[in-house]
Amino acid sequence: MSNTLGEMFRISTWGESHGDAIGVTVDGCPPRLPLDVADIQKELDRRRPGQSEISTQRKEGDQAEILSGVFEGLTLGTPILVSVWNRDARSRDYEHMRTTYRPSHADYTYDAKYGIRNWMGGGRASARETIGRVAAGAIAKKFLAAAFGVEIVGYVKQVWTINAQVDPDTVTQADVESNIVRCPDEDVAFQMIERIKEARKDGDSLGGVVECVARNVPPGLGEPVFDKLEADLAKSLLSMPACKGFEVGSGFAGTTMTGSTHNDPFYNDGGRIRTRTNYSGGIQGGISNGENIVIRGAFKPTATILQAQETVDNEGNTAVMKGRGRHDPCVLPRAVPIVESMMALVLADHALRHQGQTGITFE
Amino acid sequence: MSNTLGEMFRISTWGESHGDAIGVTVDGCPPRLPLDVADIQKELDRRRPGQSEISTQRKEGDQAEILSGVFEGLTLGTPILVSVWNRDARSRDYEHMRTTYRPSHADYTYDAKYGIRNWMGGGRASARETIGRVAAGAIAKKFLAAAFGVEIVGYVKQVWTINAQVDPDTVTQADVESNIVRCPDEDVAFQMIERIKEARKDGDSLGGVVECVARNVPPGLGEPVFDKLEADLAKSLLSMPACKGFEVGSGFAGTTMTGSTHNDPFYNDGGRIRTRTNYSGGIQGGISNGENIVIRGAFKPTATILQAQETVDNEGNTAVMKGRGRHDPCVLPRAVPIVESMMALVLADHALRHQGQTGITFE
Amino acid sequence: MSNTLGEMFRISTWGESHGDAIGVTVDGCPPRLPLDVADIQKELDRRRPGQSEISTQRKEGDQAEILSGVFEGLTLGTPILVSVWNRDARSRDYEHMRTTYRPSHADYTYDAKYGIRNWMGGGRASARETIGRVAAGAIAKKFLAAAFGVEIVGYVKQVWTINAQVDPDTVTQADVESNIVRCPDEDVAFQMIERIKEARKDGDSLGGVVECVARNVPPGLGEPVFDKLEADLAKSLLSMPACKGFEVGSGFAGTTMTGSTHNDPFYNDGGRIRTRTNYSGGIQGGISNGENIVIRGAFKPTATILQAQETVDNEGNTAVMKGRGRHDPCVLPRAVPIVESMMALVLADHALRHQGQTGITFE
Amino acid sequence: MSNTLGEMFRISTWGESHGDAIGVTVDGCPPRLPLDVADIQKELDRRRPGQSEISTQRKEGDQAEILSGVFEGLTLGTPILVSVWNRDARSRDYEHMRTTYRPSHADYTYDAKYGIRNWMGGGRASARETIGRVAAGAIAKKFLAAAFGVEIVGYVKQVWTINAQVDPDTVTQADVESNIVRCPDEDVAFQMIERIKEARKDGDSLGGVVECVARNVPPGLGEPVFDKLEADLAKSLLSMPACKGFEVGSGFAGTTMTGSTHNDPFYNDGGRIRTRTNYSGGIQGGISNGENIVIRGAFKPTATILQAQETVDNEGNTAVMKGRGRHDPCVLPRAVPIVESMMALVLADHALRHQGQTGITFE
């Protein structure tokens, strides 16, 4: 009952990493939106492994099929099922995971909760689960662009201790895609790539921060008091594998400012009410104010490393775990399209909710 | 439709800051839990204004009444309505807010969304809305303690740039309540208090960080993939007024570590599977692992300050806003019981969900 | 977690019959709807006991108060809390219910489920719980009338074996309110009243059928495949105390027709697509088609009777139950405003959902 | 957002009748339930067309595949995706439906709501949508049997004006499956079959009533006040295509009784509290009381008939519709496994909810 996100633009993901297929159902996408499988494939290609020398070398074709909800190139307003067949699942790579718990993975907690787990590749806890998110996110992006001209751009802001300078108001997806680490600050990107290669050589892994901006979001989105826009954005990011933190606008850094410097003054910009600064990150009182929405997610270093680690097996015996198989030393570049997708899904959902709650007037 | 939080332990808050009353309905609290209005009042007293020289001097008695759901000292399993009458609402203090938008407040966005707002004191965007959260949180705490022995302790970890050292494994509520800033690191608490007094003198405001720990949480709570425990915790904190960031376990700092140092090794502690470190913050794969759950929320400096600020009115005319009335220069001490409440509500909800999903077996 | 109805126009009722207060929260009512407590009181007065010689003689003033969500005569888009204080609760009348289960009441099942119950007057299973429904229904009616000109008229169609002839296309509320049994077929109404008086004399009770029509409902409301309009209407009626059956359009009688006579032919009525007959009851494929929506609810004879009945107590001992106190020999007249309310609540909810799902276009 | 049913045992159906595939996701099925695709196939075979001379002659193999959620023969507690490929879709049979509205079908209302529809075979409004329901229902049945020994038996109670006598306390599935009309009253079954053949010859169609009983349901299931067990059962049946009415226990007939005859006396049956009669239909106050739960659904005569009918096209022009293709003159026999499925799904959901709400105690 927990594999569903959103109230009106509602997605449900399904599939284990080493089951037959994996995918998503999107229920509530408005009717008559032009949609082609290529819209989805394009985003899946940004997410999939094996894209570059710094990501895992697993070859996952990840070809999307739309099995329902689209007719003659348009959405029907009915559930859209997107499915990807699982292939290239070398299950022999996972035999060592059958009984032994990988540190900082979900192996132990799944056993503790369900009393059973698909030990081949992590099951639902695998990063492959995000295929459904990205497929659904591609549809949400298309809807937001068609309805409001919304643009969503994510990028790697930090790897390990290496920080980039990026202007969220002007960065483009082309800037982001110009290098394999998806960091639009070119010099810093180079350092990041070198550091990731080094971590791979060490059999170690790195974390970092993804920042994401949404531009042209209309004012009014967000439903106080519990479904504030930032609350649903936070939830959506923290539901991603490996995410340990979230910020909107000034975030943790803003706590060191005083109110007189942190408050965003309003002014009238040719008839449109705007703010001179954007420490609020485009959201005030849980509702979008028309400024760019800027969020960040913190991703821990990948749990799977190729070094020996202390652990236990499912009978409590002390054991040693050493990762095998093909893994990402740093998930950040591949996390970018996922963060974008989560943001798109939350915004699409809130756009429909806002329309429902306030679109009928009677004056 | 958005004033409800939780699936099974479900709360709905209602009330404007300057309406007749304000409160909460708790639907789904298990039956036969001993509950007295004093359990709730005790927590409301920690939240209410006017407690000390560093918080607002408004006198809000905030007396709770339980109007339903409790019979002969026990919960009935039916909705529990807790109501607090609003008094001491000096609405003349708010006349200047009728048409002018306070910077970094919700005045403009509420108007943009609803086309109307209760301009007296912020309506639903006021911190008074959290009365319902704290009342419900008191019930959730009582349930968690009775069912599992869960202890939840929150405290001020940072004010402005002043940081405290606190051990989440050992800190007690008595430590926290030993000073008015609710920071259990005594020397640092003294500095925080001085800094807050200074900000008050300046008519300015400060932000900071609240940290909160839950101990004795059973393994298994959390519902992947979207209702992961950390995802719902993040949402609950970001739904609080002024919250701009969230962390669990190592949070943003963890992004600068490598996997080999960040991973938490498992070991067998006399039959109980435990981890040697707790960078995971008690949650792995979205599910509690039995270690202490540690979260942090970043709170921006209070938007209401007593300095003149540039803004516009609801017709777009340039205006100057200068806060009047009685306001907190720093919300952090009063945020502590609210953060605890949000954590308790999420844990109670997940305890019931987990019980429902896995409590029936057939082997 | 189950005292909430609706997705977007969402109501939550609370309160035991003999607790301090009883009421409802309405979350999701669109902003800027004119609303006065008199709009609500008017409907509560139609529901309350003691209205006439054929209903219970309990005097329940049932004065509504709006404690939140309305400001200067308009809804704010925030939760509307309506509360009614419980008075005139002669709890001595209920002492015999403390341990003995009333046949066909909820006493036993509440004990079986919750292990506790408020035995004074039925708690949540009392008909008093419907106060919240009627208060919320009054708001939904006002919204539907303001937004679409929707008219909802309910009436008693049958008492015991006595059937009325009523034309749902033309009946008015004035017709309904012209007699105390709320049956607009005057001769039949007279017979019904006599039969109810006879049942009262016998210490017995009667059941019957309420029919309800909604006119001017726009086409398009209803969300297949599970939230079809008739599905949500059925649920809303079956959630009422004593309801044992539901029909839309031709209902059970339609099962004896053939398709060639039951199908409703379409025709063009001056540009508007209409049907020549309305066996569909205004709903096709789960979606309103613009014709009048006609539903019926079957209500069993009131379980409380003043005759001795075989039963058991909460320890399983054989016992005799004889109802005391003041009870309705026939709930049908008072059920009319409740059925209208349920219909209004479902239609209001679906109006908002439809607006949300289809109100944004991009062509 | 409306293709989902259930809170904890939650199903989401997807797929158009003439899209690529059709199916269901089951989210929330407890872990470690033995489940094989044959469990599902067995029920789909009871639902599928072409089973007998009185149902449609379309050959739909309807082979189920489980694509996720099951591992080594056991459920994982993760979403179970069941998919059926659509074959034998002779779309030329549907060309006449492209622009012309079939009377009493959903063609017009889908256009009115969505502005688009898959005109090939009815899209989501097709009876093929129920494949997902039956597949999910098979899983729910397996769960209920394993957890509580619940037995669910449905049967045709009425076709047109022909009524059967069936004892819900003793009827078996073998009785039901002993003839092609699925009516366990053999003589009446014969009459029904003859009448259906006659209707087919006439190019006409018939409706009727399905009755369904659940035995061994534990007391305590059902969540007042809105998610009463009968309310969710009513919703689930009215969400089925062609359903126009619902009854539980005495239903509409009970309205003609008096309270003194309708009330079900309690007695102590060797330590178990039981009722002497069962007019309540196994549910009191919205909660199961341990007696057999008996419900009925009214199904209108199939809208598709092979006679010429008056209608309009999507531009409002008068038109004549004459059904072509292969259709059921009477859906009742195939509705039986669907009604059983809906009942199983509601009971499974309520079993989990009840467990969640009351399964943790603290005394």
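Letters A, B, C and D mark the chains as written, and numbering starts fresh at 1 in each.
The rule is simple: a contact is a pair of C-beta atoms (placed from the backbone, for glycine too) under 8 Å apart; a residue touches a chain by one contact, two chains touch by 3 or more.
Quantities reported herein were computed from a predicted structural model and do not represent experimental measurements.
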{"item": "Both-way neighbours, i.e. chains that touch subunit C and touch subunit B", "value": "A, D"}
{"item": "A-D against A-C, pair bridged by the larger set of C-beta contacts", "value": "A-D"}
{"item": "Most distant chain from subunit A by Cα centroid", "value": "C"}
{"item": "Whole-Å gap separating subunit A and subunit C, where each centre is the average of the chain's CA atoms", "value": "45"}
{"item": "Between subunit C and subunit D, centroid-to-centroid distance (C-alpha), Å", "value": "26"}
{"item": "Rounded Å distance, subunit A centre to subunit D centre (Cα mean)", "value": "38"}
{"item": "Multi-chain contact residues (two or more partners), subunit D", "value": "1-4, 7-8, 13, 28, 31-32, 77, 113-115, 124, 353-354, 357-358"}
{"item": "Subunit C residues within the subunit D interface of the complex", "value": "1-5, 7, 13, 101, 103-110, 112-115, 124-125, 129, 158, 160-161, 199, 202, 204-209, 219-220, 222-228, 230-239, 241, 243-252, 254-260, 262-268, 271, 273, 275-276, 279-281, 283-290, 298-305, 307, 309-312, 316-318, 353-354, 357-358"}
{"item": "Subunit D to subunit A touching residues, read off their complex", "value": "1-4, 6-10, 12-16, 19-23, 25, 27-28, 31-32, 65-69, 71, 74, 76-81, 83, 113-118, 123-124"}
{"item": "Partner subunit A, residues of subunit C touching it in the complex", "value": "7-8, 28, 30-33, 77, 143, 146-147, 351-353, 355-363"}
